[in-house]
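I've put the structures underneath this note.
Look at the two complexes coming up: subunit A is in both, with subunit B in one and subunit C in the other.
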Partner chain A sequence: MATTTAAITLTSADLLTDALSLSATNTLYKAGTTVGLDQTTGMTKAYLTATQNIDIFPTLIEGSMAFAGKSSWVYVCNKSEDETEYATITISGNIIGKLYAGDYLWMPWSQSEDADSDNLHGDIELAPSVATGMWFEWCMINEGTEYPDAV
Partner chain B sequence: MAITAGLTLTSGADDLTSDALSLSVSTALTKAGGSTAIASTSGLARKTTVSTDQYTLYRADDYATVTNANKVYLKNTETASPALYFTVTIDDEPMGRLYGGDWAFFPWLATNGVPATFTAAPTLSWGDATDQIVFDGVTVVLGGSGSAAMVDAMVATKYPNWTCTEHDSVTALYTAKDSNILYQIEEGTTADQFVVTTAGSGVITTARVTAAVASGNDIKITPSTTGSHTLESMLFYE
Partner chain C sequence: MATITAALTVNSDITDYGLQINNTMTMSKSGATTGLNRTSGLQRVYLTDRKHVDLLVGGSGTVADMTLTASAKVYIKYIESDTSKYVTIGLGNANNDVNLTQKANDSNGNFFELGRLYGDEWMIIPWSGTSATGDITVHPSVATSADKAIVEYIVFFED
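Take a look at the complex of A and B:
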């Protein structure tokens, strides 16, 4: 069984009167089981030179039955070193938040079956704040991958 | 001041893929567009749910700034059954499910909604000192005579979900504290309306001034079962 582990540490010596030292670790399982997630898109490293939204998992049929009720995990990191540069992350057109230089996200992505004819339901999109070039990394670890048929 | 958030993703060789996965990334949580550390936090909190109702975890109204680099940490603390999950939604869009032991860390752009405002005018006969209204769970007693005196009493009263100012001498202006109050306020008999009790013919006439627009990107959770489940959360905000 594939075993993939995700761990986070949140630390601060001076945010609060008491030190913050929070850690959490979990093994990535298929939905509702203790069977490890065994599929991944692999890590993408991209240099984006436009501010338009891009679909970061374009080769997957998001919202397909293959994803319905399944467990998927998404990692996105803004590798820019300019603290003013950010990426706006959206899901199905709704803004989640902004990743500033060095920021990352780790979020679940469990979609229901696509109810929209344009198949945009659940798309995770990224829009750089500048067109002068920004580096990003992203990947997904998941189950239930479905790819479009070749045309 | 500094807050550090570190993430590691690991998997052995020939496990998830042929090569081992060993990703490690760390970031300092700073305010938008600068190097100043985020200085505010909701604190580490736990929410125990006992139904499959949707719960609002963080209201965008409470954390909105023009630009913000807020970060949210969530963890499903359940360990007994891996099948129990919380569905996390943002802007009423399902983001994903947190099964037992799962955690998430993501940015959150909190944006303000538009709170409702309306005028309320005591009209016709308000002549008895015991005339009263009940609104937002609060009883306002006239204590004098006339519409202007009633408006003074309404303005002087503190309400849990509304603020009240004088629109003019015979009209009060109510403003919602929360943009998620979307219903129209009128005189009536239910708890979300003006309930009027007068010795004479006094009524409250309401008129909408501003229609509410909900702060759409509240963060909400929906448990998968009615059992007692606990979600841990922490918000870092500007």
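Take a look at the complex of A and C:
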């Protein structure tokens, strides 16, 4: 069984009158268990040269891995060093937020499959703000990956 | 100008070669190197039933002064030692239904599920806080008056 731990420390010495320091650590388990997550996409490093919205986990089958109540954790980082460059992160076609240069997100992904055929599904999407080239990294640690059949 | 940092460390033996993430971000205002200057402060919410409710509404409550669609970061943690329990985090309008089964949705203005935080798990995401589809919602799998679901959050934003 794999063991994956995630830790975060939020700090600021000057946002408030007193220093802010908050730390949290947890182990990543399969949904509802104490069994560790055992699969990963590995870390992707991508250079995107268009502002087109893209799926960042395109090989995974909708309705299987991400949509079956399983546990998945997603990391996305905007590696740009230009503070004006950002990526808009959306899920199911709706905006979560913008990752500016150096920003990252760390979030669970276990979206239910859409009940309505005309609606979008739970793809995690990324759209660079410029087409002049931006570097990104992303990774998922999860359970239950299913891959599409070759065509 | 305030300096707020978030240091993330992920360590795993999930592959024979290991997997590590070590990254620290400094939270800046949109398109600037100026630090975010506002916060909701660390908030703790006690949920006593299984209703699907808004945890955060852009430009309202503890984040009333935030500039929508600008730069903001949200940290959320489910305070629970039992890893079989979870809270479902969504975006959009909560409708306060009981035992609601959340479904993905498009731009109809309804909610859609982002993911689940099981006991002791936490997350950090950027947040636009846009209206209709931008509320951050929470829906506990277990919550009663005797067994409350406890969620902590803090928002950093620009005014």
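Keep in mind that, in the parts below, the second predicted complex is superposed on the first by the 140 of 151 C-alpha atoms of A that agree within 3 Å, B and C clash if a C-alpha of one lies under 4 Å from a C-alpha of the other, contacts with A are read in each partner's own complex, and residues count from 1 in each chain.
Simple rule for what comes next: contacts are C-beta pairs under 8 Å (C-beta built on N, C-alpha and C of every residue); 3 or more make two chains touch, one makes a residue touch a chain.
Here the structure is a predicted model, which means the values were calculated and not measured.
In this superposed model built on subunit A, subunit B and subunit C take up the same space, so to speak, and clash.
Once the two complexes are overlaid on the shared chain, A:106 sits against subunit B and subunit C alike. Using the contact criterion defined above for the overlaid structures, shared-chain residue A:5 touches subunit B and also reaches subunit C.
Once the two complexes are overlaid on the shared chain, A:72 sits against subunit B and subunit C alike. Looking at the shared chain after the overlay, A:17 reaches neither subunit B nor subunit C. Of the two partner chains, neither subunit B nor subunit C is touched by A:52. Residue contacts after overlaying the shared chain place A:97 against subunit B and subunit C alike. Across the two superposed structures, the residue set of subunit A contacted by subunit B and also by subunit C is 2-16, 20, 22, 24, 26, 29, 31-34, 36-38, 40, 42-43, 71-72, 75, 77, 83-84, 86, 89, 91-92, 94-100, 102-112, 122, 141.
Considering their complex, residues 2-16, 20, 22, 24, 26, 28-29, 31-34, 36-40, 42-43, 69, 71-72, 75, 77, 83-84, 86, 89, 91-116, 118-122, 139, 141 of subunit A touch subunit C.
Residues of subunit A touching subunit B in their complex: 2-16, 20, 22, 24, 26-27, 29, 31-34, 36-38, 40, 42-43, 71-72, 75, 77, 83-84, 86, 88-89, 91-92, 94-100, 102-112, 122, 141.
On the subunit B side of its complex with subunit A, the touching residues are 1-12, 15-17, 21, 23, 25, 27-28, 30, 32-35, 37, 39, 41, 43-44, 67-71, 73, 75, 82-83, 85, 87-88, 90-99, 101-109, 111, 216-217, 234. By the touch criterion given at the top, residues 2-15, 19, 21, 23, 25-28, 30-33, 35-37, 39, 42, 69, 71-73, 75, 77, 83-84, 86, 88-89, 91-92, 101-108, 112-118, 120-128, 130, 133-134, 154, 156 of subunit C touch subunit A in their complex.
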